[in-house]
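Paired with subunit B in one complex and with subunit C in the other, subunit A is shared by the two complexes that follow.
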Partner chain A sequence: MNAPSTRKPAIDLRRYRFVRAAVGVWMTGVIGFAFLRDIPSLEILEHTARNLYFHVPMWFTMMAAVIVAAYHSARYLATDDPVRDVRAEQAARVGFVFGLLGILTGIVWARFTWYVGQGIWWNFDPRQTMVAVFLLIYGAYFTLRSSIDEPTRRARVAAVYNLFAAATMPFLTYVVPRQMPSLHPGAEGSPAFSETDLAPVMRPIFYAAIIGFIVLFWVIYTQRVRTALLEEELEENPL
Partner chain B sequence: MNWMHGAWAVFEKDVRLELRSRYAINMLLMFVLAALLLVLFALGQTPVSARVQAAVLWIVILFSGAVGLGRSFISEEERGTVLLLQLNTHGSMVYAGKLLFNFVLVLVLNLVAVAAFVVLLSVAVPLPGLLLTTLGLGALGLAGATTLLAAIIARTANRGPLLPVLLFPLLVPLLLSVVSATRAALPGGAGWAGAQDELLTLVGFAGVVITASVLLFDYVWND
Partner chain C sequence: MGIWDLEPVPSMQIIPQDTTATSPYDTVWTQVPEQQPEGLERVMLAEDKLFVVLAVVLIIWFGLLFFLYRTDRRLDRLERSLERGISQDPDESVVG
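Take a look at the complex of A and B:
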């Protein structure tokens, strides 16, 4: 006999589908505008400036994922609720993919602007290197998870490692990049864009892209959490 | 039991066990000397810039630390003394005792590594005070980060080789600061004034990892 599912869906599915459809439409609009709208043409940068709409939101999204993962790890340690562990893991996984995409868009962008004519793909730019370290940290987190079989112990140890790593991350994002020369905007002090870094015409699309990618992250992440929970349930009560 | 007393008792126990077998200290020293000699053979007679010298020194120290310090909690699991410690002491005392022991171990390791490095590579050190400060702060950050991770890997299935994987990404800020501070102490370096930022970063890093470890240690220890 199959036990009926006792877990209620955590959210209103109709509203969820609406958000999912809305983010699809929104991102289509962002991508369309990003490629088609006129932008000021600067030397060297030319049309590669459009990469701003994709490259930079990846970092915002990855930072959001890092915060979500750390939050759920902390809640796991406080409550011992297994759902928190699933949430932390899936946030880290989706954030990892966004980080990877960010680094790829960054490499290609740098190759054809900063290092044009030199043929360099990778250079010791502090932000680039620090983000590679972020990816290494999450790689270590996944490796740690796969090395423990017992679920409660795995959840607890992984949560501790995630929080410990999150405690050292401000050094990677804020302290070290300011001690080294960088070609990124914001290397002179504040990491935010100054008035001259971003043309007014690009701002609305840029902000729309940030919102769109973060909501897209939320949709993929919650979707994966639901899948993981269903898989767990199927393992316990096979159909 | 009073807290200082408990932490000191854990430290004393570890020192006594270490002096009985001398396993960790022998392994660390052999590792450092072997690695430095390998580097020397690989470099041959080529003169090396101060930057490369500092980088080589710290890479060797970090690797030997990652190899040697992982033992501190695995040995408790192997001897079956975890329950005994859990019953008789509080988690924070165990952490403090182990941290102190690891700190002393790394400090000894650092001093030996630097001595060997200065003699073998014939490096002149115009600012020994700055170098010693860097070594001390680097040892504190390294021991602080490694102690919690050693407790973590003692909980995993195949304990040994995981520590470097978990440790190295976290140590990147430490490595960068420590290498530039060491470079400042070598000939042609920037001196105390130039190493100020790096030393402050090291203090901050050690503070962050030790605080985070104190907060998180109980969750790993009381399984």
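Take a look at the complex of A and C:
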């Protein structure tokens, strides 16, 4: 492995601190607007339409994280730079957490909106099931990592697996769920960007929430990369 | 009729709806509950289901908070190994 002591700083701390402050302000505004703006009232949905600002960005964020992780895995295979491996792992971890939060928020939303009086927590909705399958596939990446001790071999095998896992994402989150009848919108096109499915008053808040959560992902991910790089440095250069 | 032509939520009036027209977010999957909601549902359905949104926000908040604590634990370990002046045992580096 390369000597970490000669490595140039992997993270621009000034940029990190600026983005961290900005996302704090931004998300505060998003949450405020999400609760305070009036929205059209629909039967069944009622106020839960506001979950659009929270549940849906979880998935956008997870997808962004998976793409970031796959990018760094590909770069690792091209360059053998251990920092790429660290970045891929941390992006995958944070993305996985956003995926879990997406599933949990979806369960609660559906249970108390569409399944009132029926007590259904999990209905094998196609999209729900497919993202659960995706999270299992993606979770295997971490299991795989922890099963290989030798760092270079672990990094290479994990990078290859990560690329395969990421390649299943578009199919499991977009293609397959839209072929089947579902509680989720989307069979008719792209619900997030279509002209008819989303009330104009909700649109800016929705997009702001997506941007905010993705930037929040970047902050958490960068924080974890810093920690992981320190750990590696200590491991290789004991005091 | 676009859905944004409807009254905003706070008016709380019942809006007559043509259910045969476009059915956004699906009436097919829904059965109207016959009995009054009880327990958890009574709480969640109050205020036009606003508490469902609160629950979703809290799930995200606690999830991120939990994650923050995990990162903190790793920093604690780093600080301890700095104090001891030895590197940590790689076998002990916990996943996550």
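Here is the rule we go by: the second predicted complex is superposed on the first by the 220 of 239 C-alpha atoms of A that agree within 3 Å, B and C clash if a C-alpha of one lies under 4 Å from a C-alpha of the other, contacts with A are read in each partner's own complex, and residues count from 1 in each chain.
In this text, a residue touches a chain if its C-beta (ideal position, glycine included) is under 8 Å from a C-beta of that chain, and two chains touch if they have at least 3 such contacts.
Just so you know, these numbers come straight off a predicted model, no measurement behind them.
**Q** For A:Val133 in the superposed arrangement: first (subunit B), second (subunit C), both or neither?
**A** So A:Val133 only meets subunit B here.
**Q** Check the residue A:Leu230 against both partner chains and state whether it touches subunit B (first), subunit C (second), both, or neither.
**A** Touch status of A:Leu230: second partner only.
**Q** Quick one: is A:Leu100 in contact with subunit B, with subunit C, with both, or with neither? Answer first, second, both or neither.
**A** second
**Q** Which partner, subunit B or subunit C, is in contact with more residues of subunit A?
**A** C
**Q** For A:Ser147, select first, second, both or neither according to whether it touches subunit B, subunit C, the two together, or no partner.
**A** It touches subunit B, and subunit C stays clear.
**Q** Examine A:Ala165 and indicate which partner it touches, taking first as subunit B and second as subunit C; both and neither are also allowed.
**A** A:Ala165 sits against subunit B, while subunit C stays out of touch.
**Q** Scan A:Ala70 for contacts with subunit B and subunit C and give back first, second, both or neither.
**A** Neither: A:Ala70 stays clear of subunit B and subunit C.
**Q** For A:Phe54, select first, second, both or neither according to whether it touches subunit B, subunit C, the two together, or no partner.
**A** Second partner only, subunit C.
**Q** Touching A:Arg156 in the superposition: subunit B (first), subunit C (second), both, neither?
**A** first
**Q** Name the residues of subunit A shared by its contacts with subunit B and its contacts with subunit C.
**A** none
**Q** Under the stated contact criterion, what part of subunit C meets subunit A in this complex?
**A** Its residues touching subunit A are 2-11, 15, 17, 24-35, 37, 40-41, 44-45, 47-50, 52-53, 55-57, 59-60, 63-64, 67-68, 71, 74-75, 77-78, 81-82, 85-88, 90, 93, 95-96.
**Q** For the complex, give me every residue of subunit B touching subunit A.
**A** For this pair, the touching residues of subunit B are 145, 148-149, 152, 155-158, 162, 165-166, 168-170, 172-173, 176-177, 180, 197-198, 201, 204-205, 208-209, 211-213, 216, 219-220, 223.
**Q** Report the residues of subunit A in contact with subunit B in the complex, numbered from low to high.
**A** 77, 130, 133, 136-137, 139-140, 143-144, 147-149, 153, 156-157, 159-161, 163-165, 167-168, 170-172, 175-176, 179-180
**Q** So in the complex, the part of subunit A that touches subunit C is made up of which residues?
**A** For this pair, the touching residues of subunit A are 31, 34-35, 38-48, 50-51, 54-55, 58, 93-94, 97, 100-101, 104-105, 108-109, 112-114, 116-118, 142, 145-146, 181, 183, 185, 196-197, 199-201, 216, 220, 223-224, 227-228, 230-231, 234-239.
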